[in-house]
Amino acid sequence: MTTYFKDIYDGIATALIGMKVTLGHLFVKNVTIQYPDVKHVLPERVRNRLYVNMDDCIGCDQCAKACPVNCITIETAKALPDEELGETSTGNRKRLWVTQFDIDIAKCCYCGLCVFPCPTYCIFMTESFEFSEYNRDDLIYRFATLTPEEAAEKKANAERFKEEQEAQKKAALEAKKKAEAAKKAAEEEMKEEEGKPPDAGSTPDAGKISDAENKSE
Amino acid sequence: MLTEFGKAFIFIILGLVFVALGLLVAKLIRPNNPTAEKLLPYECGEDPIGPQWMKFNVRFYVVALIFILFDVELVLLFPWAIVFQKIGMFAYVAGALFIVILFLADFYLWAKGDLEWVRPEQRIPRWENLVDHAALRRKTDANAPLPSADARPATQTD
Amino acid sequence: MSQTLEALQEDIAAGRLKTDELVLNMGPQHPSTHGVLRLELVLDGEAVVKVIPHLGYLHRCFEKHAEAMTYPQVIPYTDRMDYLAAMNNNHGYALAIERLMGIELPERVEYIRVIMAELQRIASHLVAIGTFGMDIGAFTPFLYCFRDREYILDIFERTCGARLLYNYMWVGGLSHDVHDGFEKDVRDFIKRFRPTIKEVNDLLNYNKIFIERTANIGVLPVDVAVSYGCSGPMLRGSGVDFDLRRDDPYSIYDRFDWQVCVGKGEAGTVGDCWDRHMVRVWEMEQSCNIIEQALETFPPGDITEAIPKRIRPPKGEIYTRVENPRGELGYYVISDGSANPFRVKARGPSFVNLSVIDEISRGHLIADIVAILGSIDIVLGEIDR
Amino acid sequence: MFEIGLTHYLIVSAILFCLGVLALSTRRNAVLMLMGIELILNSANINLLAFSRYQGLNLHGHVLALFVIILAAAEAAVALAIVLHIYRTHHTIDADRINALKE
Amino acid sequence: MGLLDKQFDDGNIVLTSLEGVLNWARLCSLWQMSFGLACCAIEMMAASASHNDIMRFGVLPRPSPRQCDVMIVAGTVTLKMASRVKRLYEQMAEPRYVVSMGSCSNCGGPYWEHGYHVLKGVDRVVPVDVYVPGCPPRPEALLEGWMRLQEKVRDFSLVKPQNGKPQNGRA
Amino acid sequence: MEMTILFYVFAALTVVSAFVVVFARSLIYSAFSLLFTFMGVAGLYVLLSADFIAVAQIMVYIGGILILLVFGVMLTRQATDVEISASTLRIVPASAIVWLTLATLILVFYRTQWTEVRVLPSIEGTTMELGELLMTTYVLPFEVAGILLLVTVMGAALIARRQEVSTDV
Amino acid sequence: MESLLQSLLGDNLLTLVLYCALPLVFLLLYALLAILGEVKISAFMQDRLGPMRTGPWGIIQPLADVLKLLQKEDITPKDADKFLFNLAPYLSFMAAYAAFAVIPFSSQYVGADLNLGAFYLLAIGSLNVAAIMMAGWASHNKYSLYGAMRSVAQIVSYEVPAAMMLVIVVLFVGSLNFQDIITAQSGPFWNWMVFGGPKADVELASGEILGASWINLIFLPLFLASFVMYYITGLAETNRTPFDIPEAESELVSGYHTEYSGMKFAMFFMSEYANMFLVSAVTAILFFGGWNSPFGVYLGDMFDAQWLVALEQFGWLVFKGLFFVFVIIWLRWTLPRLRVDQLMYMCWKVLIPFSFGIALIVGFLVVVLK
Amino acid sequence: MNTKDMFDHLAALFPDLELQLDEDVPCIIVPPDAIREVGLQLRDDEQLLLDSLMCLSGVDFADGTLGVVYHLHSMLHNHKLTVKVVVPVENPHVQTVERVWRTADWHEREAYDLIGVIFDGHRDLRRILNPYDWEGHPLRKDYEVPEFYNGMKVPY
C-alpha cells in the first residue's frame, strides 16, 4: 500500500522536476548556429575537400600510393630533357608532366593519409565542405593543368623519347659491350623514376579540365 | 428554427464537408501515380511476413468488455448527479451506493488480476557453468577466498 | 539464440508455439533499431516469444579491406567500424600492431591517447544515453546529450581536423599533436559537462516513468552474460566488476585512480536495463576523473618519434583487446611479414552483446524490446563490420 | 406523409426489428447474430420512445429505454465473453459448426 | 489526375504564380524520413541536434515513408539493404526526393574497391537529387545540400521543359 | 418541415445501414455499418425529443457495444470467415417469414387508429426529469441495475478469464 | 452572436451554417498556431530554434506544411479496405469538430447550447474511437492495427475517469450545461472550481471571507486533485506523451496513421490537434472558469459594450485553452512514455478508484454543506 | 598458468588426443573433432576455468588449410589461452563449441559465412553477415567477387 502511494507521489514529483528542467531551458540561450547566415569557425586543421597545388606537384605518385581508397589517379609523362619544368616552392625539381591528376572526391574518405607523404606539401585539405552536386560526375576533380591536347602531346613526346632512347640504347649496346652493365643499371634507375608508364587508352574528359580551378574558390 | 440539437447536427455536417473540401482541393493538385511497390503495406522495408492479421490480444478485448459496463453505469450517474442536490440525502445515498458498487466491481477486477496486462512469465535465462558469480561480483576484494568447489552450481553442458 | 524456420516449426510441432502467433518486423528501417538491424519478433499478443535478429545490412567487408590494405591504411577503416567510438577503435588497432612490432610509445602519446579515448567514451555514452531516452520516448535528453557531445567533437576537430572519423591514433604515435589550448578546452568541457549529467539525471534517469519502463526489464544474469561473452557496460550492468582498463591493463590506465562502475540493482534487479544505462552515466563521470588526472601530469614531448618509417611487423599473430565504450574490442591480427596484414579479425563488443538479446527479451512486451535494444547500445557498423 | 407521426417511427422500428430477426435466423456467425439482437433492441427502444412521445407514456418510456440500453450493454458484454470462450475452445464461432462439434 | 500530374505546353501568369506558391510550400516543408544507415547517420542526427538544427529549414522527421518528402540516404548501402532502400523509396508519396549523403551512398566511398557487399552508389537503385560529398559530410554540408535541394524544388515547373530535362520530384 | 426531412434522413440512414449489417459480405462491414445504424437511431431519438437517451445511445452503443463487437470480429476472425458462411438453405424460409411479419406489422400500424397524445417534454430537456424519476419511482431498478452490472462485470471477467487459463497454458 | 448574424442575414439556414462554421475558422487558425507552437516550444526547450526560414522566425511554417500536404500523393495501399480507409478521416475530423458544438466560447456564443453538453462531449468522443478503429483496421498493416487497438483501449479506458471528473463537477454545479457550469464559477478567479468552487458572496471588507470560505478550503484539494486527474485523462485521450504509445515512434512507427499520406494524414493530424484544444478548453471550463475573466470584471462592462465582453470572454477562454495546450506540449517534450500495461494500471488502479473516492466525498460534502 | 602449463595439464587429462603445443604463438592445437570435449574441460576445470570465449576467428591460411582460433579468458583467474584447430580446406568440418560458450554461436556463424568452416552440431548454421542466398565465402584468399547480385552490379 505504501509503495502504491509512493509510486504515485514519485511519478508526480519526478515529472515536476523534469518539467522544471525543460521550462528552465525555455529561457536558456539556444546553441544553434544558423548555418547559412552564421558559420561555425572551422579550426585550421580541418579536413575537408582536397586541393592540389599543381605548380608544386612533381607527380611522384606518393599520395596515390598512400590513399587507402585509391581515389587519386595520377598519370605522368616524362619531360623531354630540353623541357624546363621549373622548380617547386620547396625546391624540388620537376621532371614529369602531370597529364592527369584526378581525385574522385566522391570516393574519398577524408582520412588525410595522402597529405603526409607528399614531398612538396602540395596536396592538402581545405576548409571548403560546401560542394554538393546534382550530378555525381561533377564530384570528380581534375587538377591537371594541361589541356587534353597538351597532355596527349606530352605523352606522345615521352613515348617518342623513350623509343629514341631505346633505339639509342640498342645502338649503344651493339657498339659498346664493355660498359653494358653500368649503363643498364643507369637505365633501370631512369625507368623507376618514370613511375607508371603512361596508359595510352584513357584520355582525360574534355571540358572538365579547368573545373578544378573554377571550383576551388 | 432547429433546436440546439439541430445546430449540433450542422456541426457534424460541417465537419464532413470540411474534410470533403480538403480532399477535393488536394485531389485537384496532387499527383497520382500508384505503382505496385508503392501500394504494398509498409513494413520497415521488408517483405511483409505472414498474414497482416495478428492474433488479437485478448487483454484489449477484456478491457473493452469491462469498459462497456462502467460506461453504462456512468450513463446512469449523470442524471443522478444533476438531481441529487434537489432530493438530498436520500439521493446521495442511492447514488453513493451505486458508486460503491462500481468501486467493488473495479476492486474485484483488480483483485482477480483481470486488469493485469498479460505478461507471460518473464523467463530469467540461466546458463549455468562453473563461473562463480558471487566471486565475480566480489572480485575487487582480492583477498576474498574463493568458494570451495562443491559450493558451485551444477554444471550444465547441453 | 536465434532460431531457424525449421526450429520454429519444430516448436509448433512440440506445441510450444501456438499457430496464431504473429511475426512482426522491426527494421531494417525502424526508428529504434539504431541503424539497419532487423529484428523479427515472434509475438503472442503483445508478448515476445522469440527475437530473431538478422544482421548484415551494414556488412562493409572490413576484414576483406584490411587484407587488401597496408597496415596504416587499415586505420581509416577501423574508424568506420564503431563510428561512435572511432578513437577507441584506432587505439585498439594501433596497440595490436605496436605490440606485434614491439614499439615503445612516448609518454605524451600515451597520455593523449588516454585523454582522447576517454573523451570519446563520454561522447559515445552520450549518444547511447540520448538514444536510449529517445527509445523510451523522451526526446529532449537526446538533444541535450548531443549538444554536449558537440563540444567534444569540437575538441577532436581542432586536434585532428575531423568530427567523427579521425584516423588519429597511428601505429607508434598520433597523426597530430594536440592543438594549442587543448588542455583548456578539455577542462572547460568537463566543467561544462558535469552539470549536464545532473540535468539528464533529473530529466530522465530518475524519472519515475523511465524507471518503470527500464527497471526489471531485460534482466541479464551474470552466468548468461559471461557465457555469451558480454562485455563493457552490459557485463558491468549485471554486477560483474570487470573492466579491461583495470583487469587487463593497457596504455597507462593503471596510473590513474578511478572506479569501475557496476550495476547495483537500485531500481530493480541487478542486470536490468536501468542498471546498464546507469553504468554508462556513472562511467562518464569516471572518465572525467581520468581525464582530469591525466591533464594534471600531462607531459611534453614529441609524438611522432616512435612512428616507424616502414610498418612491416614480423611474422606472428596477436590478439589484443581494449575497453571500448561498448565493451571489449579485440583485434586478432596475423602478420606474414609483408606490408599488408594477413588476417585481421575484429571482435566487436556490440556483435557479442547483441547475441544475447533473444535470451533476455523473451516474455517481454514490444515496448520492452525497444528498451532492451537501447540498453545494449549497439552500433551496427561494428556488428556487421 | 409530411407530418411525421407515430406510424412512421413504428414502421422504421418494424423494419429494424425484421432485419434483426433476419440476421438472427439466417446468419450463423455468433457475432453477427449478436448484431441482430442489437438491432432488435434498438427497434424496441424506438417504439418505447415513440410511444412516450405520442402516446403519453411520457418519461417512463425514457426510463424504460434507458434500462433497455443498460441491459443491451450487459447482454453484449456477457454474450461476447461467451463468444470469446467458445472461440477459444472450438476455434469457430459459427453456430452450426459449434452444434456439429458438440455432437 | 491532379495538377501536378499534368504538363502544360506553355505557361501563363496564373500557372507560374500557382506553381511558385506550390513549389515554395514544398521546399519549405520537406519532411525527412528518419532513416540512417551508418556513420553518416550520426552526422545526420547531429544536423538535427541543437547545434545545427535542420528543423530551421522546416524539416520534420517522420517515421513512416508515406508522410515523407525526402529520403536522406545517409551511409553505406549494402547489397542486402539496397532492395529495402528501393522499396522504402517506392513507398514514399510523391513528390519525393532523395539526398545521397556521404561518399558511401554517392558511389561506395571507401568501399568501392574491395567491398564485395557494398552497393556502389545508391543511384543504382533510386534516383538521387543531390549528392552531398564527405565522409561523413559535416552537418553544415548536409544543410548546404539541403539548400541545393530546395533550389531544385524551386525550379520545378509545370510547363513542359524545353530542353527535355526530366522533372524533379517524380519517378 | 425540417423535422420531416430529418426524419427521412435518419430513417433512411438507419434502415439502409441496417440492411448492410445483415447482408454485408464481410463481417467488419456489418460491424462498421452498425455504427451508422446506431447514429441514425440516435437521430430518431432526438426527433422524438429524447435527448438524454439519444446521447446515451451514442455513448453506450457506439462507444461501448460497437467497439466490443469490432473487437469481437477481430478476435474471432480467421482466414476463412472473412466471408461469412450463411447457410443459404435457411435464407429462403427465414426471409419469407420475416418479410411476412414485416408486412403484417406495417399493415397493422396503418390500420390502427392511434390516438395521438402529444406530450412534449419540457424545454429544459429530459435529463432532469429523468433523474428525478430515477431517484424516486425507479430507485429500486436503479440500484438493481447497479448490482446487475456488478454481477455482469464479474461474470464476463470470469468467463473471459477462464478461457484464458484453459487455453493459454 | 446568433442574433447578430440573424439581423445581418435574416433568419435562414445560411445564418445557422455560418454561425456553426465560426469554430471551424477558429479551429483552422488554432491548428496553424498549435503546430507552430509545438515545433517552436520544443525547439526552445531543447536549446534550438525551430523553423526559422519560412517567413520571419518561421511563423508561416505551418502554412507551408498544409500547402505541401495538399500536394502530396494520396496512397491507398493495395490490401487496404478502400472504403473504410477513406471513410476514417472523415469520421475522425467529424467527431472532433462535432464536439466543438458545445464549447461555449463566450457567454453569447456557444454552437449548440445543449442541456447535456458535458454528456454529449463524452458521447461524441466515442465516434473518434470508431474512426481510429476503422483506420487501423482498414490500413491492413500490423503497426496500424496495433496502434489502433492500443489507442482504442486507451481512450476507452480513460473515458471512465474522465467521465467521473465531469460527474464531480456536475455534482457540485447541478447542471450538465457548460454555460451553467461556467456561470457558476463567475466572479474573480478564486471562484473557479480548482480553487474550491464559487464562494458565497461576501463583501471583502466585512472580514467574513474566512468564515464563508472554510467550506471551499475543504473542496480545494478535492477539486485540485480532480483537475490534475482530468488533465491526465485528457492527455491519454488525445494520445499525447506520456500516453502516446499508440503512436510510439520507437515501436509502432506511427500508429494507426502509418499508412496515411497527404491530406488524409493531415486530417488526422488536424483532429488530433483539435482534440488537444478540446481537452484543454474543457479543462478550463470545468476547473478554471471557462470564459470568466480572472478578475471578475470586463472592460466591455465599463463601456457597456456587449460585443466587447463577448470578445474578452472569448479571449480568456482561448487563452486558458492555449495555456493548457502549452502544458500538453511542455509535457510531451519532458516525459518519456509509459508502456501499455502501465497505462492500464494507471487508469484502472489509480485514476478510477481515486475518482470514485473523490466523487463520493464531494457528493457527501455537497449534501451536507449546501 | 601459462600456455605451457595448461598444455601439460590438458595432455595429462586427454592422453588419447593428439594435442600439440605451438611454442611460437603460443597456443594449443586441438584436433577438430575433439574441440568440444577439450572446450568443456577448459571451461569447467578447476584450475583452468576459461569461462569466457573472447574471440573465435576463422582463418584461411592460404596453404590448403583453414583454421579456427579460439581466444579464451578466465574471468576468475584472469589468465588467457589460445586454442587452434586446423582443418583441410576440402573438408572443413570442426566440432561446434556453441553449447560450451554461448557466444560461439554467432562467431561460428560468422566463420562459416566468411571463411566457410562448417561447424558440426551447430543448431543454426546460417550465414550471418552476407545475405542468405550469397555464394562463396568472401574471406577465402581465392574468393572472386561476383559480377551481379540479385540484378545489382557488384563491382564499381
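First chain written, first letter: the chains are A, B, C, D, E, F, G and H, and each begins at residue 1.
Methods note: contacts are C-beta pairs under 8 Å (C-beta built on N, C-alpha and C of every residue); 3 or more make two chains touch, one makes a residue touch a chain.
Worth saying up front: this structure is predicted, and the values here are computed from it rather than measured.
Note on connectivity: the fewest chain-to-chain touch steps from subunit A to subunit B number 2.
The most distant chain from subunit A is D, comparing centres defined as mean Cα coordinates.
Of the two chain pairs considered here, B-F and C-G, the higher C-beta contact count falls to B-F.
Distance between chain centres (mean CA atoms), subunit B to subunit G: 22 Å. Annotation: 6 Å between the Cα-based centres of subunit D and subunit F. Subunit F and subunit G have Cα centroids lying 29 Å from one another. Subunit F and subunit H have Cα centroids lying 70 Å from one another. In subunit B, the positions touching at least two other chains are 2, 5-6, 26-27, 29-33, 38, 40, 42-46, 48, 51, 53-54, 56-61, 64-65, 67-69, 71-72, 74-76, 78, 81-84, 86, 102, 109, 117-119, 127, 129, 131, 136, 139. Residue positions 43, 45-49, 52, 70-75, 114-116, 119-120, 122, 142, 146, 149, 152, 156, 159, 176, 249, 253, 258-259, 262, 333-335, 340-341 of subunit G each touch two or more of the other chains.
Residues of subunit F in contact with two or more other chains: 51-52, 56, 59-60, 63-65, 67-68, 71-72, 74-75, 127, 130, 134, 145, 149, 152-153, 156-157, 160, 164. Of all residues in subunit D, those touching subunit F in their complex are 2-12, 14-23, 25-32, 34-36, 38-39, 42, 45-46, 49-50, 52-56, 58-60, 62-63, 65-67, 69-70, 72-74, 76-78, 80-85, 87-89, 91-94, 96.
Considering their complex, residues 26-33, 35, 37-38, 40, 42, 44-46 of subunit B touch subunit E. Only residues 2, 6, 43, 46, 51-52, 54, 56, 59-60, 63-65, 67-68, 71-72, 74-75, 77, 79, 127-128, 130-132, 134-136, 139, 142-143, 145-147, 149-150, 152-154, 156-157, 160-161, 164, 168 of subunit F touch subunit B when the two sit together in their complex.
Residues 1-4, 7, 55-56, 59, 61, 63-64, 67, 224, 226-229, 240, 242, 247-248, 316-317, 319, 321, 328, 330, 332, 334, 342-343, 345, 347, 351-352, 355-356, 384-385 of subunit C are the ones touching subunit H in the complex.
Residue ranges on subunit H touching subunit C, taken from their complex, read 24-25, 51-55, 57, 59-60, 62, 69, 71, 75, 78, 82, 101-103, 105-107, 114, 123-124, 126-131, 138-139.
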